[in-house]
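Next up, some structures in structure tokens.
Okay, so chain A shows up in both of these, paired with chain B first and chain C after.
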Partner chain A sequence: MSDRNTTGESSTKSDGGTVIADNTLVARWEEIREREATVVGVTAICVAIFPWLFSRAPVISDVLLGYQSLATLILIWGIFAVGFDLLLGYTGLLSFGHAAFWGGAAYAAGIVANTVSADPIVMVVAGTAFAVLLAWVLGFLSLRRGGIYFSILTLAFAQMLYYMSAAPLAFLTGGENGLTGISVTPLFGVFHLESDLPSVAGTLIGNWMYLFVGVIAVLSVAAAYRILNSPYGMVFRAIRENEQRAEFVGLNVWRYKLMAFIISGAFAGIAGSLFTIHGSYVPLQSLYWTESGEIVIMTVLGGTASLFGPILGAGLYLYVENIVSGVQQLTIPFTDIVLINDFGTYWHLLLGLVFLVVIWVAPRGIWGAVSDLRALVRRLAGGDRR
Partner chain B sequence: MSLLELDDVNAYYGESHILRGVTMNVEEGEICALLGRNGAGKTTTLRSIAGATPPNVRSGTVSFKGEDVTGKPAEDVSAGGISLVPEERRVFPNLTVAENLHLAEVVNNKSNTWGRSLTFEHEGMSTEDVYAQFPRLDERRDQQAGTLSGGEQQMLAIARALKQNTDLLLLDEPYEGLAPKIIEDVEDAVQRISEDGTTILLVEQNAAAAIKLADRAYVVDQGQIVFDGTAEELREDEATRERYLGV
Partner chain C sequence: MSIVSELAVILLNGLQQGAIYVLLAVGLSIILGTLKFVNFAHGALYLVGTYAGLFIALDVTLSSGKLQEWGYGEFGLGWGFLAALILVPLFVFAVGLLMERFLARSFYDRPDTDQILVTFGLAIVVQELFRVLFGSNSLPFTQPEYILSVIPVSGPMQLPIVGSFPRWRLWVIAITAVLVGIVYLLVEHTDFGLVVRAGTRDAEMVRLLGIKISRPYLVVFGIGAALAGVAGVVGGPLNVVNPTVGMNILVPAFLTVVIGGVGTITGAVVGGLIIGLTQATLIGLPSVTIASFTLNFSPWSQVGLYAIAAIILLVRPQGIFGNEEVAP
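Take a look at the complex of A and B:
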């Protein structure tokens, strides 16, 4: 994590080799927070209460105007963004063609559902496998070049796929109409994804669809956390900082970059497959370059090189796109005084402004701002700690 | 057979001919200094050895332990036992000290598991040994490397190189930009490493400091070797020192 250096002085090593941690609450909290179980546990709790807060909680949900299906969509894009940040934030590679893996997996899952089996798990496995293979090939070709050339190559390959599915492959993909007629079968043959969960779980989490997506989202976060804290994650960060130095150290930079690309493609594939399951439909749009652009904006908005930032970014983006765009009149809160009519139609403009402000005020994104704030609080609470 | 042999190496940056037939060798166990003015070709020589591009080595051979390594990619040369500590910002600033050191293990695993039939005279140091050698780094394990002082960063870069399976350590201007007191610390470290048996090729502009440690020295000027002898001989050869080193 980005603020690990703040713990530098919190433990000292004695001659006997035992670590004497100073016993302040702050230091202990740091240790706990670093542990994987805690990260995954907190993620699971947040994911579990999110739909209730967003769409059913008193007052909050009335202000937010959230709804269950959007909560699911936010998690799906969140998975995509977490994987994208592995590439952009941690390895330092800006792909502008991730729509290829998102849309490719969505189509693969949809086609498998229509021809082989519409079991949600089969669809996720098939979509992800397709995305991984595709990422392998496109990464192999695109990573021959660095910097802007890499970005342009990924963009070009993704657009090739878009035009392929628009016309030449229309017999498979449904062309301009998108892929229709997908009816997802119940999970494990028993649980209808659209039906509500029983009792308290139903109030809290909502339907089986959200539970299914939520479990996969938590697993994805756990996987990303594990990768980032493994030697692989370390090498990714080393490459981001200085590619040539990493080579001098003796690392096969190209191979690691390809690996980062494939892993991030796999996350996009999981998310794309879930998108098909969620919507029972694959729009041609899902391969278009705007999707690649959206994931870049979400990730940067939330904060690159952080695990959770991109999820926040995805949430904010989708919130503006789906909720704010539906607002008819902007009023002064708790009054009827209208400030702007047809407010929702300006949602693109609003999103642009939000993006501008975030980049201007907090270049490290929302999560970066949160981290800075936390560091400030810790400094005030912890006295002499740097 | 010398540990490292350069035979008539001609290296180019684009069309400019930088190294003009450099021939030199480094014997096992010694500290060899490569001296010369700014732009004489010192760093180019090191980069040619380490497999960095540019420069392009168009003719001549670089051989390490008798094996031709000319034109091999940098990562393979490094995994094969030559560690380069490049000049200036030598570490990964946003990785912690411990992570910087751990990178060496990743490389060691690679050279151990990829079935390369490599034998190393000097297995990489263990983490404990490294921290024992460099207590300053031990104190700062969890600190980001970019927040270390210049001298500490240099120590860290050397420590990382030592943790790797290293038979030849290439040091590019290790004293550059360091205060005299810190230079002494780095000198001590280099001396200790040498006593442990690692061969060192030391590239320096600071000739006086380099000669102090070195067994033998080469002087390079305009891409050619103009002096080849023991450190003692160079110390006494005032003409060469004045003409090519300005000291």
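Take a look at the complex of A and C:
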């Protein structure tokens, strides 16, 4: 086995004999790549080593300038993005109102924490339940019209929630100041979320907060994978490809669309509740349409209709927003040539331009480029496979 | 003040508030109806109109932004408001033509979601460009005093039943009525309008008859843009002027279109009035005290707008004047 491995690694620059060995390796990987256990396992490993790579690894983290709390935030938005892509990428519905579920769940979790119980699990369950109910109602209203009207209506209803929590419901939500005074109790009454994990786990994963979010993130990816590869998820794709045909086959398209919307809202709800736990604070901003816009940008930049593209997009967006934007002078690496002065002012403008270009020429996003590259490598490596 | 005059004030305020939405919605609606193009950057055109109007009409001193850092902190032509009212629509018309030619046209054959995404991206770019150049602070857009130094347009005005009412608001209503009237006549009663409407029904047939449909499309986009520019100029002195106004006004404008029904100018007008009146009514109503519980309506003004929209769409999903043919 180890023999095959070494030949496989050197195969790209050696003769045809080893290419065949490589082929079997590639073939084996292709065979297990799509399995649920592989997807979930790889996700779990990536989630587990990510904070170490990002904020504590010797050289990499010095270059990346990452920190633990941002790693947690990236995972939270990643869950949100996976759910959003379920709707946009797989069902073909562009919602501009997902801030309603994100922010609504964040408020619900916060209010439950302040009044009933501040147990993290209770908060997540309450927030998600609220998001699901909300998605049911808003989906029922918005899905009365298809296409662009759906986008406009979701945007409108989310804005309605924003204005409701801004003034009329200020006694519940804290109005302009946001919801404050949330103090999350330890997980299972024992583990303080802010405290570090013991020994090796502490170095690798960091604190209990990340572990909590990470476990939920892996479960979310597993759930999304299971949904997408079930017959039920196939119907979502059928609706995206040709709604009329799906209707003619006898499927109740409206019901499937509503369900896709609710599932997507549930993911947003999980993420929103985790956001409250992570920050111990809910800003009014979390219901504003800019949050909906952000999740749209993340998902599209990362690549729609893929499971990991949106997570990548979320990570990249937050990384640029929180770290790169703090760099005042952007230079070409390892030289002194200054690309942009005062980068912090321009980053949002540049992001907008990048987004515009991606939509225009490469609607499949970063993940699309990655899969093209993979296809290219496979063709080069196994061109004479028969 | 009597009940009647209070109601009249609410009515006029509603008309004025609705007028801005109508200007935006008519443009959005004819572009959506004829070109089948969703323009999330329509608010950006409003933004361009507001800043261009400010630049032409007044002298402005910037307190932040890159222009100020680069030493162009004081800008503006100071040609007066009438000049702005004439030049800005022309300028935004040109912007609209460029946008149709270089952005929208390549997206006519792509899915709706791509259209929304690309115009959303453009809206962000425009907004951020203005933020970088002019800073994110609100700029003062003072109301004009006189037009042609003879006709007074600011200050209060005595009206028969209403009593005193801000003169500028009446002007906004009048300007809107005239412009929308012109566009209505153009679309419904000219040969140009005939081609546009025929293109809405069946673009391919129009092309087979030897009419170059792409040119009327270009003009329709330009007209829609110009109306948004006018909305920016007349609405500028009534609202704050900062880079986010475009995106903030986009949502009610779209709601107006959806309520009224896509592709009809009448629908856009009625939708705008409904939204404007709802808002003005909720702001204008006095608070009601039932037992020890005081109900104040004005915080609900923004919410009421969406609630009305939700109710209308539940009853008539295609909008008040919409017909199912146009709506997908």
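Going forward, the second predicted complex is superposed on the first by the 340 of 386 C-alpha atoms of A that agree within 3 Å, B and C clash if a C-alpha of one lies under 4 Å from a C-alpha of the other, contacts with A are read in each partner's own complex, and residues count from 1 in each chain.
The criterion applied here is as follows: a contact is a pair of C-beta atoms (placed from the backbone, for glycine too) under 8 Å apart; a residue touches a chain by one contact, two chains touch by 3 or more.
As the structure is a computational prediction, the values presented were derived from the model and not from experiment.
When the shared chain is aligned, chain B comes close enough to touch A:R245, but chain C does not.
In the superposition on chain A, no contact is made by A:V215 with either chain B or chain C.
By the touch criterion defined above, A:I45 lies against neither chain B nor chain C after alignment on the C-alpha atoms of chain A.
Legend: residue contacts after superposition of the two complexes on their common chain; A:V137 is shown touching neither chain B nor chain C. By the document's definition of touching, neither partner reaches A:V116: not chain B, not chain C. Counting residues of chain A touched by each partner, chain B versus chain C, the larger count belongs to C. By the touch criterion defined above, A:L376 lies against neither chain B nor chain C after alignment on the C-alpha atoms of chain A. Once the two complexes are overlaid on the shared chain, A:V253 sits against chain B while remaining clear of chain C.
Residues of chain A that lie in the contact sets of both chain B and chain C are absent, per the superposition on chain A.
Residues 88, 92, 94, 96, 141, 144-149, 151-153, 155-157, 159-160, 163-164, 166-168, 170, 289, 293, 296, 300, 345-346, 348-349, 351-353, 355-356, 359-360, 363 of chain A are the ones that touch chain C when the two sit in their complex.
Of all residues in chain B, only 50, 52, 73-75, 77-79, 83-84, 86, 89-90, 92-96, 99, 102-107, 110-111, 138-144, 147, 160, 164 touch chain A in the complex they form. Against chain A, in their complex, chain C makes its touches with residues 32, 38, 66, 106, 111-118, 120-122, 124-125, 128-129, 131-132, 247, 251, 254-255, 257-258, 299-300, 302-303, 306-307, 309-310, 313-314, 317, 327-328. By the touch criterion given at the top, residues 4-5, 7-8, 11-13, 231, 234-235, 237-238, 241-242, 244-253 of chain A touch chain B in their complex.
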